[in-house]
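Across the two complexes that follow, subunit A remains constant while its partner is subunit B and subsequently subunit C.
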Partner chain A sequence: MYNPTVARLTWRALLGRRRALILCVLPALLLVVAAAVRAMNGADDAVTSQLLGGFALATLVPLIGVIAGTGAIGPEIDDGSVVYLLSKPVGRTSIIVTKLLVAAGTTAVFAAVPVLVAGFVLNGNSQQIAVAYAVAATVASLAYSALFLLLGTVSRHAVVIGLVYALIWEALIGSLVPGAKTLSVQQWALALAEKVAGSGADISSSVAVPTAVVLLAVVTGGGTLFAGQKLRTLTLAGEE
Partner chain B sequence: MSPDQTPAPQATASGGAATAERGQNVIHNIGYRGYEGPRLGRSYARRALFSQSLRGTYGLGRSAKSKVLPLLLFAAVCIPAAILVAVAALTKAKELQVGYAEYVLLMQPLLGIYLAAAAPQAISMDLRFKTTPLYFSRPMERSDYVAAKYAALSAALFLFTAVPVLIMYIGALLAKLDFGDQTEGAVQGLVFCALFALLHAAIAAWIAALTPRRGFGVAAIIVAITVPYFLVSALQGIAWTSDNNGAIGWLGLGSPGTLLDGVQSRFLGGRSGFPDEQTLTGAQGAVYLVVLAALIVCFCTLLLRRYRKAGL
Partner chain C sequence: MSTIHIDRVSRWFGNVVAVNDITMDIAPGVTGLLGPNGAGKSTLIHMMGGFLSPSNGTVTLEPSPGPDGKPAAAAPIWRNEDSYRHIGLVPEREGMYDFLTGEEFVLANAELHGLRDPRAAAAEALATVEMEHARDRRISTYSKGMRQRVKMASALVHHPTVLLLDEPFNGMDPRQRMHLMELLRKMGDEGRTVLFSSHILEEVEQLASHIEVIVAGRHAASGDFRKIRRLMTDRPHRYLVRSSDDRRLAAALIADASTAGIELDRTEQALRIQAVDFTRFTTLLPRVAREHGIRLHTVSPSDESLESVFSYLVAA
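This part shows the complex of A and B:
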């Protein structure tokens, strides 16, 4: 299921040139802010939760997920070079699974690791807050990668649709309509964080842990399967 | 000297002579005629580029598929305005629930997505398909191209924000709210729309001009607009919970969204979106205005510099 050549090509497409820069800027920003807040305020659990939950998990992880998930397959379909890959004797599902692993790995490296480091910088992992958010970020990055990889195979406007989902659905509608929170990757990941963190930590999710795990598995597995199906019947469209 | 030398009749010549003649450099007149009508010149080209770019940002003159997103987003910013007005009319309220400038700020995520979709379409695609050399081989100057594209993006964004403001204003008048208050608010709201459009269009146009890839441009613009906003909001929240209220105003300088929020709450009579609805002090207000002007000038200069180089 894992093809090293496809993985190598995807790595190079993802981290080549300026894409890597944008991927580095965001975590660097988080770490700088974490260091600045620690220097000004000292260690504080509430502040740590606020920064990791309000900025890192709500903005950083989805954005990096969009860039890595759609970037793993979108440009190839866009410029038509995917036909050279599809014409090789490599299963479509194994292409998707490889790309998913690479995208999830990239998201985890550029989102979950900085979250863990920022958590340690902010309050030295008191009440397991840093670990909890890092676990949430890892799980979320896997789900986001599957979701946005699927979007990349379905639509040419995957980046825009992914951003609409990440910004409008999760940030705006999720905060206004309580029911929408049940359908938000961020809340599922927060449910796991809530479980990992100490009881004094101010992490709350609107979804129960079993529901969250089931939904995460469904989205990740279903997204991968459907993306594989979609790649099997892919038609290359011209420019607009 | 005349280029239209008629070729020698070759049909009658013998084979050897014909190949010898064919080898000579002869320009054949095949009947094309030069253009002798009026030439519309530089300003016409600039206006045409402006109007075509403006239409393009709403998907007019493009395929049906590319009309979907701009028009959906346009509906999404207009409908809540109409609902607000309807609620005010039904409940016989004395004023609208949400101020004009405040409404524009509330719609920021939608505006950001619209801008991120429109700017690369207007600017990056010319780089990708290498149409810029075609523009610059015309009487048009580089500054004309930049001015036309920037003006088109600003106008598109202004329309996008001003139409809901006008809907709210007309609705407020129909609902017989106070005429003086509403007119003042709407004028301030329109000024705010203009400031919002000028700043955001400058940022988006510069980013879009850096990359020939549309997807990359879309992501970069969204990141540049939203990440600083969320970051500054989180930091302001932290400053507020740790009783560091003086810092909230200064932190607001860090992102386009909070910068404009500060300006509207200080100078345009809106409610502040900062923690505790804090407004700016006099010194902060002056710095905000200076930073706003400096940012617009700075991004326009960067944009011009981008197109100064030959062989983009």
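This part shows the complex of A and C:
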């Protein structure tokens, strides 16, 4: 399933030049804010939960997910270089699964790890808040990667659509509108965070844990399968 | 010895028919796919390479017999990853992991083929295209011709029996062109099935032993280059000529059998000449002008565009 050559090509494309810089900016911002908040307010569980929930999980994770997920395949399809992957006796599912792992790994490193560190900086993991949000961010990384990888195989405007989804649906509607919450990766991940964190931590999700787990699995698995299917019948636009 | 069978294949995009009911076999040796831009060459090559499904008909690959000598069954190429064990692809587009060095690129291709010794295979392929000197340079620093050669290396790395090249000579300088031609000729002589597309007759004529002509999505002609060449040169040629004395020139030219008709175009202030024997007419015109002391101001072929050549072919 995992193809090391596909992984190497994807890593290098993903972490090359400008994209790596963008990937570093947001986590750096989170850590700076976390340090500043701690310095000014001292350790505070409620503030920690607000920052990790409101900024990190609602904005940082989906944004990094968009960059890593679409970046793992979109540019290759755009410039046609994907032809060198596809003109090989390599299973299409294996290509997608490898790219998913690379995208999810990248999202985890640039989103989940900073969340964990920021949590420790903010309140020293009191009430397990840092770990809880890091778990949520890791799970969300996988789901977002699958979602945006699929988007990258389906649309040439994957980044724009992904950004709109991440910023408007996940960050805005998904946090505010009650009905929409059930259909938000963020809320599913929050359900897990709620489970992990101490009872005193102010983390709540509008989705029950079993529902969340099922929906996460469906989105990740379904997205991967569909992306593999898409790749199998990928038509390369000629230059005629 | 592999053969690609194209059987009653059509491909349309919405209302546009790009390839219209084409049947042909691409056999071992070098085949040139000739046609003007937009004729459907790329669409056809994409279908042969498994990157486009035929709307109608089938494209199948009949691979060379296995080690036991038994002929292998022909299999459709679309949605069949295994066919890439036999096919090497040189795409027209330029995207090719520019951040890698030439060697890394060819090595990655060798690994993706699951070759036993990818490093040796990559080195061999780079040597075949004479790119060893630049193997450590990033592809982004390569010239167009160098990119083309590295693409070739990536397509040859697994010793395919079928090689498909989409407009491989575009943007190459004459020396690189010659080198690639030599290489493809050698592959054809080795019994591989080499197919390349081009819109330039001279390229195809120099290299291909067999030519398939496509015009406006249709299979217009098929055969060796002499037959195609004759079809192309035997048609009437039209010229627009301006001289110091059009009437006298016209009278002198019409006396020769190579000229079929001459019209005095008053608005253009020029002669419209229809020649039937192309080679003879091209020596006749300057000779007649010199003998009669007539000065030629303009001699321009009025229907030399490739499209008109091809449309003549279709009508033939």
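In this section, the second predicted complex is superposed on the first by the 234 of 240 C-alpha atoms of A that agree within 3 Å, B and C clash if a C-alpha of one lies under 4 Å from a C-alpha of the other, contacts with A are read in each partner's own complex, and residues count from 1 in each chain.
To be clear about the criterion, a contact is a pair of C-beta atoms (placed from the backbone, for glycine too) under 8 Å apart; a residue touches a chain by one contact, two chains touch by 3 or more.
What you see is a predicted model; the values in this text were computed from it and never measured.
Asks: Contacts for A:163 in the overlay, against subunit B (first) and subunit C (second): which applies, first, second, both or neither?
Replies: So A:163 only meets subunit B here.
Asks: Applying the touch criterion given at the start, work out whether A:76 contacts subunit B, subunit C, both or neither, answering first, second, both or neither.
Replies: second
Asks: Taking the superposition as given, does A:12 touch the first partner, subunit B, the second, subunit C, both, or neither?
Replies: second
Asks: Return first, second, both or neither, reflecting whether A:26 touches subunit B, subunit C, both chains, or no partner chain.
Replies: A:26: touches subunit B, not subunit C.
Asks: Quick check for you: in the superposed arrangement, does A:233 touch first (subunit B), second (subunit C), both or neither?
Replies: second
Asks: Where on subunit A do subunit B and subunit C both make contact?
Replies: In subunit A, residues 78, 240 are touched by subunit B and also by subunit C.
Asks: So in the complex, the part of subunit C that touches subunit A is made up of which residues?
Replies: So the residues of subunit C in touch with subunit A come to 18, 37-38, 40-43, 46, 49-53, 79, 81-82, 84-85, 87, 89, 91-97, 99-100, 105, 108-109, 111-114, 154.
Asks: Can you list the subunit A residues touching subunit C in their complex?
Replies: 3-6, 8-9, 12-13, 16-17, 76, 78-81, 83-92, 232-236, 238-240
Asks: Which of the residues in subunit B end up touching subunit A in this complex?
Replies: Per the touch definition, subunit B meets subunit A at residues 62-63, 65-66, 69, 109-110, 112-113, 116-117, 211, 213, 215-216, 218-220, 222-223, 226-227, 230-231, 233-235, 237-238, 241-242, 244.
Asks: Touching subunit B in the complex: which residues of subunit A?
Replies: 18-19, 22, 26, 29, 33, 37, 40-41, 44, 46-47, 50-51, 54-55, 58-60, 63, 66-67, 70-71, 74-75, 78, 157-160, 163-164, 167-168, 171-172, 240
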